[in-house]
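By written order: A, B, C and D. Residues from 1 in each chain.
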Amino acid sequence: MRSIRLEQQGSVENLKMVTEDIPSVQRGEVLVKVKASSLNYRDLAMLKDQYPGVVHDNLVPLSDGAGEIVAVGEGVRRFQVGDRVAGNFTREWFGGKRPSYTEPYGSHSDGWLTEYKVLNPELLVSIPSHLSFEQAAALPCAAVTAWSSLHGPSPLSAGDTVLTLGSGGVSVFTLQLAKWMGINVISTTSSDEKAEKLKQLGADEVINYNKTPNWGEVAKELTGGRGVNRVVEVVGPATIHQSLKAIAPGNEISLIGVLSQTGDKIDYFDLFGTASTRTIGVGSRDDFEAMNALIEDKGLTPVIDSVFPFEQAAEAYEYLESQKFFGKIVITHE
Amino acid sequence: MRSIRLEQQGSVENLKMVTEDIPSVQRGEVLVKVKASSLNYRDLAMLKDQYPGVVHDNLVPLSDGAGEIVAVGEGVRRFQVGDRVAGNFTREWFGGKRPSYTEPYGSHSDGWLTEYKVLNPELLVSIPSHLSFEQAAALPCAAVTAWSSLHGPSPLSAGDTVLTLGSGGVSVFTLQLAKWMGINVISTTSSDEKAEKLKQLGADEVINYNKTPNWGEVAKELTGGRGVNRVVEVVGPATIHQSLKAIAPGNEISLIGVLSQTGDKIDYFDLFGTASTRTIGVGSRDDFEAMNALIEDKGLTPVIDSVFPFEQAAEAYEYLESQKFFGKIVITHE
Amino acid sequence: MRSIRLEQQGSVENLKMVTEDIPSVQRGEVLVKVKASSLNYRDLAMLKDQYPGVVHDNLVPLSDGAGEIVAVGEGVRRFQVGDRVAGNFTREWFGGKRPSYTEPYGSHSDGWLTEYKVLNPELLVSIPSHLSFEQAAALPCAAVTAWSSLHGPSPLSAGDTVLTLGSGGVSVFTLQLAKWMGINVISTTSSDEKAEKLKQLGADEVINYNKTPNWGEVAKELTGGRGVNRVVEVVGPATIHQSLKAIAPGNEISLIGVLSQTGDKIDYFDLFGTASTRTIGVGSRDDFEAMNALIEDKGLTPVIDSVFPFEQAAEAYEYLESQKFFGKIVITHE
Amino acid sequence: MRSIRLEQQGSVENLKMVTEDIPSVQRGEVLVKVKASSLNYRDLAMLKDQYPGVVHDNLVPLSDGAGEIVAVGEGVRRFQVGDRVAGNFTREWFGGKRPSYTEPYGSHSDGWLTEYKVLNPELLVSIPSHLSFEQAAALPCAAVTAWSSLHGPSPLSAGDTVLTLGSGGVSVFTLQLAKWMGINVISTTSSDEKAEKLKQLGADEVINYNKTPNWGEVAKELTGGRGVNRVVEVVGPATIHQSLKAIAPGNEISLIGVLSQTGDKIDYFDLFGTASTRTIGVGSRDDFEAMNALIEDKGLTPVIDSVFPFEQAAEAYEYLESQKFFGKIVITHE
């Protein structure tokens, strides 16, 4: 079988295709034939040595993948051969509080950019029956993050309004999930073409942030001056100030992103009296399964920007860096 | 001005039209010109001396009404003359836990079957701008009960399934609110004609309980065998056994109704291991306002079966007793 | 190594001591040297063929055990050799909603009445550092059930009052945990001697249910007539009627027990307007870990009635049946 | 009767004692003989024209007061003559979400530095029976804020750890309430003498922030490196950086204070991945009543630093400015 390994952080040239033996299952394990994987900003940051945490050398990258169970070890009851599965992003986070120790894919354990993978079946979830493997591979990081942003200790309710920034995976999934929950969506984007796509996906309002640099204030006006009930903040320092202007008092900004590295610092008095902030760490297996139930029920289909063949994984990374996409970038392993 | 008072419990003949002085506001009060009121099963039970609690003689009946503020006392800031308002069913329940003592309309204090009414403005809520007074008068008991049934400590989520019984006010509001929240609805009804109306309102499945006496088991099958996530149990002893068959383990039956007086008792082992049960006591002013925000946002319109003139209040009671209606029975005061 | 297996349901004579090979760990597994186990009413019901579900023949019984990790397979990060662990009762329930399928110990998979056990490390939790293995073996079923009863979607708060029934494991753990949470406890018991022990453990009030058959009403009086905020109902049909009399409106009876098989059925109007009921299914690994953090922090020590040697497991079952115990019955494997 | 009015913001010289008629109750109102009031930092900020919001001239200052009902208007059921009451800080916030419009005491409506006060009885709560009026007058702002900090959408649990800053009213109440809830407390203070008092009140650890400027890091170490579960941040820009170092990932800093006006701004990456932040706006009547139930149950007594006579209200303000107090500063009106 073929795997791609990141020899060390630096550039796409460090992604090496290798041939390895197909691993065999032991007791309590399953073997997954990986059919598709997808990229997230985190993967690019790791490749380019811009990731804030430790990244071990020579691991298989990518946190997101989907495939089919092709063998089960002794005593496995959770899945059968033929079941279609995806891996939860935060490997050992099953539900409740995030465990203090996990072994993240791509940084501490082998990820999904490979053809076969042996796993503890508890790390996997069944995927919605109407999705292709490419579509399912888009879910683990971006869609579960979107789900967690809309839920949490203060979940949004039908009739509330969420503000999404741009058209990356998390923002587009937030838009899609929110609409099925009866939640209004205001989206920002950089072009009229993307604005049109966001409206087709159900965005109630779209603001072009190039033309409207005070988009946070405008979003607040669009809610009759009350402010939005949540901002799904995927960018970071460069946008947080407008996000703080958009939010209604007593509501929450979900901190997700570090797409930007720089921006003005935050005055205490801008935080005080205004918003709650909460950092989203993707989510648990329980979150993933609850989200899949909604996706299955509503027939929601992820928005895939483009699908690259396994051999062109490097090109997929480069395309991600271009920031020209709308939705998710997927790699097919077939 | 005219009021109707229930001299004592017994029959519609005890409803007496009287002429009274229009009350004048004192400090901190508002005067409401009542434009419409609506009936609930509770009102009929009081009239017929079948209500389980105390009912004082000679009070103005009806818990539900809507109207316009026509005068405000000194120091009132919450409303202005011209504001359109409705009364919260549970008068002094503003939010959080239900207070241990309230003065319910119709049993302990004068209700809404009158032309003018002086009130503490904190007992009132603004009504959605797209609703007529007749539509708004339909909300206080039935719609807030429906809202509370879908929320509570274990609120339903988009993708869940609720089972409603029949086509009275609470059941129809539950259907309407649920659909805006992304929740699937299975409804029961007694006729094909009503089934058609329920489907037009968005019911995903309708079961004719006359043709299908094991409707609870059938509802469970309709969810792929998992069971429904909530039953809004408005009937009581006669239906609870099928409701217990419909519910998915770990989910809740909201106990609301006493439309039936008799039925087989409940075996402990039918409760154990199956459902949670929770009695719904309508809801707080905070619930009412949260629901109104959703109604306003989505443009939801209550289903009014029929509107009786003020002079024919007795006929409205009799029509309620006939159980032939679909939705709410309203009285116009104009 | 020695294991005890229940050849088939029936009587203690069907418990057979067998000699087996110590299992060896494979990849991702750990080997636990089991140091102690404990009994619950469920184990007795299985032995005597009174358990409502399926029980496979020839399994090792007992859901509760604790021990030490003596070997770890390739890739295991969660535990190291020497770690002290216990198994979660509901094997594959990690957090969030209970999974639809699990493999319960003793009925569907081998339990803990054995000297060595190979396990997926995700099924285990670390035990509080101040507890002996005997004390830790008392936790999985009874203590986690007690924890779940006090928490859930409507968790009790400091200043609330809980009613416990008798002095079995769940009731005594509820008392201990509640007191650390600032919750008042009213306990029932059958003898003055046990009453004294309950008071020493912190019970604010103890009612002798033999002398006071209307103990539910008395419990309500003891709260100034408001009613208790929770009943931890471990008995079932024989006690539910008094439990319904004790509970304050709007509060919850946690349904746990089936110690009694018979009793009067429940009138709908006794459920309606009074209590919520919620069936407790022990709890998740996340619940177990949260509880252990409290036990560790407060230095809580489980109440052990008696410790039987491994060879006298049958006597432990017989003692459980006698109902003469106070707290937990434990088996030492050393 | 005597009232003290703040002619305009500026200094204590603008506090003017005036003689006014005792107001008479109208329908639905109660007359309170005010027995005691208490000061909060907000009152000093208003006096010195440092308050961020609007403050109307010539109002009676002080948000916190307690007294006895001496007359009730027609139709009042909530209280009787002789009842002991206090006012809720956030006047019209009864429960659930904070209403968009209220009339705060001292800035938009007359406060409690007066001998008699007519009020809508819904704005009042009963006070715990074991408290004097001086003690009860200490509760409305500081104690309810402390309560809200410990609760909210992610309430603390027994066994968690809270970090309090200094020995003002909110911090001392947080310490007292937390201990009754089984929560561990780490406190900071400026002197060994105050440290001793904090320990007597139950603080598990006390850090002298003068001697230990990196008190946030030290607090984290004191929790075994995990971090505290909540910081009750009453100071603001000057302390938020250490607060961010103390908090455990996934836990919340409750933003309350603006005692400091200046400090370094906050880097996005210090918020991201670390804490949630939530601004506390005191709380609702429902919060106040829930807290009072706990205070009553546990016999908690507020810590009063000093009691000034009504004529020396100006001296009370000056003493508040000195920051030498421990607990609350109260004014007696008798």
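Following the convention adopted for this analysis, contacts are C-beta pairs under 8 Å (C-beta built on N, C-alpha and C of every residue); 3 or more make two chains touch, one makes a residue touch a chain.
None of the values given here were measured: they were computed from a predicted structure.
K.L.:
Can you list every chain in contact with both chain C and chain D?
P.N.:
For chain C paired with chain D, the chains in contact with each are A, B, in label order.
K.L.:
Does A-B or B-C have the larger number of C-beta pairs in contact?
P.N.:
Result: the pair with more contacts is B-C.
K.L.:
Roughly how far is chain B from chain C, going centre to centre by Cα mean, in whole Å?
P.N.:
42
K.L.:
Taking each chain's centre as the mean position of its Cα atoms, how many Å separate chain A from chain B?
P.N.:
42
K.L.:
I need the residues of chain C touching at least two other chains; which ones are they?
P.N.:
In chain C, residues 97, 290 touch at least two other chains, as defined above.
K.L.:
In the complex, go through chain D and note every residue touching chain A.
P.N.:
Going through chain D, the ones touching chain A are 97-98, 100, 153-154, 226, 236-237, 240, 249-250, 255, 258, 263-269, 271-279, 281.
K.L.:
Please name which positions on chain D make contact with chain C in the complex.
P.N.:
155, 157-159, 180-182, 184, 290, 293-294, 296-298
K.L.:
Looking at the complex, which residues from chain C come into contact with chain A?
P.N.:
Result: residues 26-29, 77-78, 92, 94-97, 101, 103, 120, 122, 284-287, 289-290 of chain C touch chain A.
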